[in-house]
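One structure follows; several queries about it will come next.
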Amino acid sequence: MAGSTFGKILRLTTFGESHGPGLGGVLDGCPAGLELSEADIQAELDLRKPGQGPTATKRKEADAVRLLSGVFEGRTTGTPIAFYIANEDQRSRDYGNLAEVFRPGHADWGYFQKYKGIRDYRGGGRSSGRETAARVAGGAIAKKILARRGARICAACVELGGIAVPEAEQDLEGALLRPYFAASDAAPALWDAAVAEARKAGDTLGGIVQIVARNIPAGLGEPVFDKLDAVLAHALMSVGAVKGVEVGDGFAAARRTGWQNNDPLLPGPDESIRSVRFASNHAGGILGGISSGQDIVLRAAVKPIASIALEQQTVNAQGRAATVLVGGRHDLAAIPRIVPVLSAMTALALADALLLQGRMAWDA
Amino acid sequence: MAGSTFGKILRLTTFGESHGPGLGGVLDGCPAGLELSEADIQAELDLRKPGQGPTATKRKEADAVRLLSGVFEGRTTGTPIAFYIANEDQRSRDYGNLAEVFRPGHADWGYFQKYKGIRDYRGGGRSSGRETAARVAGGAIAKKILARRGARICAACVELGGIAVPEAEQDLEGALLRPYFAASDAAPALWDAAVAEARKAGDTLGGIVQIVARNIPAGLGEPVFDKLDAVLAHALMSVGAVKGVEVGDGFAAARRTGWQNNDPLLPGPDESIRSVRFASNHAGGILGGISSGQDIVLRAAVKPIASIALEQQTVNAQGRAATVLVGGRHDLAAIPRIVPVLSAMTALALADALLLQGRMAWDA
Amino acid sequence: MAGSTFGKILRLTTFGESHGPGLGGVLDGCPAGLELSEADIQAELDLRKPGQGPTATKRKEADAVRLLSGVFEGRTTGTPIAFYIANEDQRSRDYGNLAEVFRPGHADWGYFQKYKGIRDYRGGGRSSGRETAARVAGGAIAKKILARRGARICAACVELGGIAVPEAEQDLEGALLRPYFAASDAAPALWDAAVAEARKAGDTLGGIVQIVARNIPAGLGEPVFDKLDAVLAHALMSVGAVKGVEVGDGFAAARRTGWQNNDPLLPGPDESIRSVRFASNHAGGILGGISSGQDIVLRAAVKPIASIALEQQTVNAQGRAATVLVGGRHDLAAIPRIVPVLSAMTALALADALLLQGRMAWDA
Amino acid sequence: MAGSTFGKILRLTTFGESHGPGLGGVLDGCPAGLELSEADIQAELDLRKPGQGPTATKRKEADAVRLLSGVFEGRTTGTPIAFYIANEDQRSRDYGNLAEVFRPGHADWGYFQKYKGIRDYRGGGRSSGRETAARVAGGAIAKKILARRGARICAACVELGGIAVPEAEQDLEGALLRPYFAASDAAPALWDAAVAEARKAGDTLGGIVQIVARNIPAGLGEPVFDKLDAVLAHALMSVGAVKGVEVGDGFAAARRTGWQNNDPLLPGPDESIRSVRFASNHAGGILGGISSGQDIVLRAAVKPIASIALEQQTVNAQGRAATVLVGGRHDLAAIPRIVPVLSAMTALALADALLLQGRMAWDA
């Protein structure tokens, strides 16, 4: 209820602050018998590790994960899987001046109001983007569950600083090998210039991430309130900095007619119910809240990082006018590090829907 | 877990199909002592009643609500509030031909897959837009809870068939008195032409709805997974036909810099913590997932109605090629009837967050 | 959260007061494809109908159930199953004098405190035993789910007014055909005398109900907090008047040694893992919170009905001394009508555990 | 859903196995501003630490707890409180012979069935009593929440090996200072003899624990399914070895009449609603599932430890006859170490009910 748990059958509970001892999570509900090692999780964590990539903070964290429970002789046992990542490179003194002012664009004001003045101001405390490491760790396990069914997630940056990758050039499959986890080979060079300019100006950039889930079986999601797209929107919007979510054609669909937007069903080669296909995928793989078997296509709008290197107008804890120059070490954009986070949230939501639907091949 | 319940403290469970005996819901968790009558609920229901407005179906339903429990001597007792709306004008025979084919753009295919071939095909059964009447009824009660705190919801159509209301002309307050629940006085005339054209073509239209919640206290929402915007995105995206959700500036925020996008805090006239204001509201009233006290601003992309009056390509229940001409009586656009539905979902999510935060004035 | 919902996958939400329009429930999460009719539910409801049996109230209620959703062409569709039972024989005037005093042994005082003075005092409102009709209706569906797996529930009264059925004479299978749903043929005659005496004295009686679930597969229940016995204890103790719950030998187990209490495992005739048996069943079919495949054996202590025909000492709503003579029409014992209620709760808990474990034969 | 989380507002999620790296938990939903240190938790943990007391195992564990999150400058921040206890004195080799046989009276068989043959057999893995350390840690925080309201929990052993403490001699307040956490000064000497005899016979003992919660406000608990006694029964029965739960007079109430069992309400000295008292407390402080303001009185039946030092009949993983002599180091009775565990579960359930009711003094 206090918001640190996600999922119904596969439930991830996370904990930890940016400048506390560490952070971690407990994933309950993972079926027994899944092969799992610390290396499986570490591989995903390394994708969002601080200190790498063209927009990165200088904070260095090994983000080395340790499994504390739920795995025996290399396989999950069905009991909760706990993992822990110690914080290492904290320079909390960078934040001493933030105890008394509210940073614009940050959670400071909301937490101050919510918790009646009590907050861990060091690096944003619980509201720090560092919290997402636990999501990525949980998502790594969710991806292994999906993989048992042959499903997988691709994600890429399709726009940065207003410079979009044309749809025709998008290739999400190769994104993890490119700077910025870019959706095309050409994009990083274009974005480098925008990043250099922003860095010079002491400013930050936003962008758009696209996520595609492939080979998701039809029939996932629940009617009415827990439609698959509703749960996915919840999952993506729960990541700090996300301000918009689209499923399939999203806002563009609002500008088309029914004839243009409907995806006709086509018979497969053997004209059986198992081979049914669709002539298009405007819906993004979800119809009436239930997966159709097509690719699930999502887009998330990521706002520019709020921590800029410019003096900003604000108020202090007494409500008086103040200025703030945010110190600490910050990324210039949530992209690319947010890409594996959004991928992880998609995986968690889909693996949960899969388990809820009760279709796990090795459960039958 | 099967998706028919929304909320944590204030929990709405709904039931009912388009062509069954009726539909309704149970709202559990409403505090005792709230004045409530059937008329309070009926007033909201009448806003989304079938058969009225320029885009409406010809199906007529009184949608008369009856309270079955939870209210005694005109006030809520704290026990579950059940309500029921009987179906009246069913012409199920319109749907007999749909038992064997899947309508493009509808939930038919997903339900067929999910429930292994079993489905109530009459008017979409549970996946019918008619299901939303129960949301509006529940939302009417949520709005009364919010009103106790001085909060309220406005909603309006800001775009239809690709014709947008310019931001400068938007006036959400007057929307309920205008055709289409339009955001400006000028819009309906423009939209009439687009609707006439679509109707002539046997086609349907989509649009965009904007929702604003005013006087919501700061501090609502939970960190990490249940951020207020994540829950609101869940709430809106759970309404059939919604394909995208934005909070505040949404996708536009992805194209701005941090300097442009941050909302500076300003001291109030008495320079106290209680009078703090913001210089702008790009964030849409939510920072780090917690309400800031500013207006909460949401936008939902509504796809065109999938039931068009044109023959469409599809497959039948055996997977063979077929065509379908959707009979029945359908709206030409989900707008305007979806406007009170989105307003209701916003109210349910916010009233729940308010109760979860424990700040109800009459609870103290 | 407000307590009107039970279950995780199979979720029953109930509503209704003793003297309101009626009561009912919504069962969400029932798999599609289960044959279900109003008659199936009515048969169970008739077992707890008011106005029959040696301890019964004179209130007559047909308790005719109506299905409002979730069933199409005689089978469940996977969508929520709503049902409704109208109240008929209300004599609310019997309760007018109870608006201002608290009945000893009743929920009046607690509700008054909980809801800050607001309560529907007519017949106990939501706290009335009449609320259990909705449990029985939901339990009837749960029993059909269990029956698909070959499992079933027996329940009987094994003690009334301090007169117990000796263990050697117990025959639960025949209980539904006997007065008091007694566990032996001999018991009713003995109990008649005790009932006659209590009636003459204006007093009421308590007793003990035993419930046995047969053919429940091994492996149900969850480790740690949601052990199967914990959930069953929750289920039974949630029925008004139940003050104690035992699993297997219960309190007697506390007085034995480990050697006496352990149930040895025995090889089956073919010495395979599928035919393993146990030499005894002190555990009542649950070990470490997980079902063992043996009969699940539960006992519930049922307190005497609080509504006695004697003047009692109490206080009024101002806290001043008062007396109360409870009018209305009341049972002399919760037995036998509580028997089908406890059976229903057991069925709901076990069917939920079965669905959670994902072992439904027709789901494979 | 997989059973590792308890509570609604105050939610404890635990993890860890007996012979894994360690165990711990995450407590989400604790209000901000509560003073909390590792020492607060350690004090409670020390009460159930292995290796002390007349019935104790020889396994030595410091059970030193470490706080990983949620506390800043000595006070809770409202974010999840994670804690961790490393395992130290593991002698897993003691358990190697248990991989292939099922110990009678243990969870081995159920886990084998539930998880399709996969289990961590070392010391019972997740089903080990060692899991309860995390409950005690969480309960320590719950007790601090209750203490803010002036409420507290007492618990004591009232019966061991069939030797009961007469009700007239019971003094729960002093229990923590006595061997066995006994309810009287006289009891330990009597129990020593029974323990010596059982130890000589290689056998184990059970007993009964009584828990009393004092100064709990009236109005806690929810109607219908989440009655306060139902939630408490769930809480206590979720502790391994508990086979029965009573509220107030429990099974004895089933043998009394309504006149004998009802607790009359009495006016207080000032005849105001705030000073109302009761003439007796047969109900154990809960009426209709709602707390009455009287002491909440609970009793739990604790079965004898299943690990006895005698050869027992069983089957192996292939279903063939086998014998087992359980090695490892085991307590001779769950008492006294289960006493702080049951106290902790009571505290968690009551603190959750308190927060759900929204009456926290420092929340107003």
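By letter and in written order, the chains are A, B, C and D; residue numbering begins at 1 in each of them.
In the analysis below, a residue touches a chain if its C-beta (ideal position, glycine included) is under 8 Å from a C-beta of that chain, and two chains touch if they have at least 3 such contacts.
The structure presented is a predicted model; accordingly, all values stated were derived computationally and were not measured.
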Report task. Please identify each chain that touches chain A as well as chain D. Result -> B, C
**Report entry** Greatest separation from chain D - chain, by CA centre
**Finding:** B
Report summary line: Taking each chain's mean CA coordinate, chain A and chain B are separated, in whole Å, by 26
**Report entry** Centroid spacing, where centroids are CA-atom means, of chain B and chain D in whole angstrom
**Finding:** 45
**Report entry** Chain centre separation in whole Å, for chain C relative to chain B (CA means)
**Finding:** 39
Query raised in the report: By residue number and range, which residues of chain D touch two or more other chains?
Result: 1-5, 8, 14, 79, 114-115, 126, 223
Report summary line: The residues of chain C that touch chain D in their complex are 1-6, 8, 14, 102, 104-111, 113-115, 124, 126-127, 131, 159, 161-162, 198, 201, 203-208, 217-227, 229-238, 240, 243-251, 253-268, 270-276, 279, 283-284, 286-293, 301-308, 310, 312-315, 317-321, 356-357
Query - chain B partner contacts - residues on chain D that touch it in the complex - result: 1, 79, 223, 358, 360, 363-364
Query raised in the report: In the complex of these two chains, what residues of chain B are touching chain C?
Result: 1-5, 8-9, 11, 13-17, 20-24, 26, 28-29, 32-33, 66-70, 72, 75-82, 84, 114-116, 118-120, 125-126
